[in-house]
Amino acid sequence: MQSITTELVHQTITRRPAESHKGTYGRLMLIGGNQNFGGAIIMAATAAIYSGAGLVTVATDASNFTSLHAQLPEAMVVDYRQTAYVTQLLQTMDVIIIGPGLGTDQLAANLLTTVLTHVQAHQRLVIDGSALTLLAARQQSLPDAQIVVTPHQMEWQRLSGLKIADQTPTANRQAQQHLHAIAVVKAHHTTVYTNDRVWFNPGGTPAMATGGMGDTLAGMVGGFAAQFPDFTNAILSAVYLHSEVADDLAQSRYVVLPHQISAEIPKYMHRASLA
Amino acid sequence: MQSITTELVHQTITRRPAESHKGTYGRLMLIGGNQNFGGAIIMAATAAIYSGAGLVTVATDASNFTSLHAQLPEAMVVDYRQTAYVTQLLQTMDVIIIGPGLGTDQLAANLLTTVLTHVQAHQRLVIDGSALTLLAARQQSLPDAQIVVTPHQMEWQRLSGLKIADQTPTANRQAQQHLHAIAVVKAHHTTVYTNDRVWFNPGGTPAMATGGMGDTLAGMVGGFAAQFPDFTNAILSAVYLHSEVADDLAQSRYVVLPHQISAEIPKYMHRASLA
Amino acid sequence: MQSITTELVHQTITRRPAESHKGTYGRLMLIGGNQNFGGAIIMAATAAIYSGAGLVTVATDASNFTSLHAQLPEAMVVDYRQTAYVTQLLQTMDVIIIGPGLGTDQLAANLLTTVLTHVQAHQRLVIDGSALTLLAARQQSLPDAQIVVTPHQMEWQRLSGLKIADQTPTANRQAQQHLHAIAVVKAHHTTVYTNDRVWFNPGGTPAMATGGMGDTLAGMVGGFAAQFPDFTNAILSAVYLHSEVADDLAQSRYVVLPHQISAEIPKYMHRASLA
Amino acid sequence: MQSITTELVHQTITRRPAESHKGTYGRLMLIGGNQNFGGAIIMAATAAIYSGAGLVTVATDASNFTSLHAQLPEAMVVDYRQTAYVTQLLQTMDVIIIGPGLGTDQLAANLLTTVLTHVQAHQRLVIDGSALTLLAARQQSLPDAQIVVTPHQMEWQRLSGLKIADQTPTANRQAQQHLHAIAVVKAHHTTVYTNDRVWFNPGGTPAMATGGMGDTLAGMVGGFAAQFPDFTNAILSAVYLHSEVADDLAQSRYVVLPHQISAEIPKYMHRASLA
């Protein structure tokens, strides 16, 4: 098991080339946010945009459009019931995030099917939240694409079949190999399972133990994946910075709110890019 | 009569254990916010989340979903007209807050009945605002649960039958014993009546005399009750910090707005946890 | 013509008594904000609440509820089409503001009629914006109440019949006497016409020349009138502080936005209360 | 090719005359924001208002009213489907911005036709975003008015017929002469083509390469055009300050969000006005 290091983050987050435009930094679609959990997709989209993704579209329940735009005019929106339009847009994306606040009803299941059916080998896919519960219920192998799953321990239990007490690095590793996706198993110290290694995140604070923190991480993972060529390093850097920001904010706060993390991301990325 | 002290607050707000997750800090449901008073439930939910409650769901009029999410994506929402769903969710909660902006119509009365019928002995219940007016109109004893009522003096008059001029500590104590709930009687200096003592809150400023300040306190009481094992100390600490934050903000403000209190809570709790 | 002075403001904005509650600081209703001009009533309500009015209700088009609550949960709302309910609430108010973003259609005219019909002698009434245009079109004397009109120069022309070039202090004074209301004639240096005097506001900056600045002043005038016993001094103090805040903000800004004024009011009032 | 200079900006942004009112600083209408791209018109309107335009009306899809007002109460709104009302309002405007988030459907095309048909010689018109794509598809000469187009390189390709690799200053100049409008061609270093010169913007940072940055520039161009007599200098100053703010914010941020630019504009304009 190897610790994610500041050096790895600094090597990943490079200075942006002068000659570039928003397309250079990726097209990203988030899918989630039903009528009850709309906040989750707002928090994930906020994190993706503050992480620097170039063009962000949110496919969500139409009842979430206004609250999303009220705080995040930078995102575009599409009704996730417009299947044909969503499917068409999916082809144009570099990164897809599915799951934050998605729920587990038939519509949610259909959206996951759409994504798993249409995702292309060159695309990157983040599966989070409710989509992991849906995925666990299927006995289906993942399609050929660059995929990362971001479960907390209970979601990982559902997905891997490993009870929380049995989630040792070795067992997790084995489960991840079977899954054919990178696995970010969220805990006090998050561990990341890639094809050839087990990574350990040194940061993390119980001040992060609040609803929406995972949605924010999913958004960051997607945002980083939209910009940085090495998929694994993009994921590891997102995990590392997410907890580093939280650790710093927790120096003066009993609880850190998800949107407070997102607000800080551009500064932390800037510092990393200079080193 | 005994003053709430900084020491009590410091003993209550302990450092969070490293190995913990959002579930550790409680599931909390707020019920309130009709079509006219939606702001009240937004302010209460904001206070609960900034107090560190782990998972917060707001059962409210559907017309309030968007304004709530626009400033507080961290909350989940449910239409309080979906009685079956609300009742089902209630079973899973650690803390329930009913009343902020609830109103006193038939729907409100039915929601209060649902809560009083289904609340379980291990759950904690905060009854505030309009729900106190509804409660006063019933001649019904409270169910077996950990209950706190948070009336201002006029609401306490309705609930206790004591005219404001007659609300002496002794008389209040007697009324509270009859009620079988902890009573937080809000005034310039708030007093708290527990089963065995009368507590006096040393803080408080007329800069707090503005609409929504009570909703914010209700949210803090619920948020603290979701996290700290001793129910009485959780309540006393919320009362104390609520006025301490206000007193500090009033050093430079003629009036303190409720949302300004909430924004400060994580810092005050952090300081208390260090001491 | 006499200048409004810091001393007058300091004498008006007194320290709040310790034993007080939100009712002490007034019940205030704002009426305005149609489907096109909803922002105006939001800005006016914001100013009223940040000025310290105890309980603020906004009667507006229902389409404005969400945007209002998204930034100002402290306000209560009512659909201004619910005539019976609005009329009933009107009786309970200390201060009524009518006009910001109201428009001039039949509904607006009816609302003005309702207010002028039901306003009571002990109530205070601020007539602003579109309501002034409506008022100018009627040849009707004002009811017996404490009334202030807050026109800019063009609205004053409509109301007084005086062309802008003819709006000298003497002519304005005469028109005001005829109107039986205090008149705040907004200009680079605003003048205020009371029953016995003409007041001159020393502050003001062209950085205030932006949409919504007048709505903010109307909200401040109402908020101050809800709290301070002398109606004239309340108005004069609101006029003075409104431009004082703007002058200070304009030290570093080419244009001052209305909501930026409101955010500063509690601090300026606090300072005035100490002097 | 000539660099836009600080001196030019300082000469353009003059101190506001004391005797002035909101009408002095222009009436501006923005047209855009369909059901998917509502954020674009919010960002453009925000930039226009923070640039100091006196009275700003947004013609957009009605579903965007609430999110717009939730963050920008200073703007007025009108449903862009109310053709007669929009057309009537158009006559009263000093500046019109069409395009941010407008989309390219039939409604969008009709709105562009309405604007091009009704715009008057004394009015100023900013054509941006989707409206440029619509314009490129027509073989129609522009009407007699003060017009500026603000394409990024791909939009300029559509409009001018020049492939990105062929967009040399000389070729662009020729295309602009043919177009009969000032052209702001957005790139890492933006170039501006006026009737007699080619201007080069010295600022710009890849931290600006994010969705919405162009909408913000369009809003600034319109806001400046509403206030400053020389149309060319107004455009050049907006381009210059837009990137100057971004360059400064990028000193500490990996990505600069559009709304962060707008928040800074009043301070930068103030400084320019003093010099």
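We call the chains A, B, C and D, going by the order they appear; numbering starts again at 1 in every chain.
Note that in this section a contact is a pair of C-beta atoms (placed from the backbone, for glycine too) under 8 Å apart; a residue touches a chain by one contact, two chains touch by 3 or more.
The chain list, named the UniProt way, goes like this: A, B, C, D = ADP-dependent (S)-NAD(P)H-hydrate dehydratase.
Everything numeric in this text was worked out from a predicted model, so none of it was measured.
J.: Tell me the rotation angle, 0 to 180 degrees, that brings the C-alpha atoms of chain C onto chain D, to the nearest 5.
T.: That rotation is 90 degrees, given to the nearest 5.
J.: Same or different: do the copies chain A and chain D touch each other through matching residue numbers, with over half of them shared?
T.: Shared-number fraction below one half, so different.
J.: When the centre of a chain is set as the mean of its C-alpha atoms, what distance in Å lies between chain A and chain D?
T.: That pair's centroid distance is 34 Å.
J.: State, to the nearest whole Å, the distance from the C-alpha centre of chain B to the C-alpha centre of chain D.
T.: 49
J.: What parts of chain A, by residue number, touch at least two of the other chains?
T.: Residues 66-67, 70-71 of chain A each touch two or more of the other chains.
J.: So in the complex, which bits of chain D are touching chain A?
T.: It is residues 35-40, 42-43, 46, 63-64, 66-67, 70-71, 152-153, 187-188, 206-207, 209-213, 250, 252-259 of chain D that touch chain A.
J.: Residue numbers of chain A touching chain D in their complex, please.
T.: Answer in residue numbers: 13, 16-22, 24-25, 49-56, 65-78, 265-267, 269-270, 272-273.
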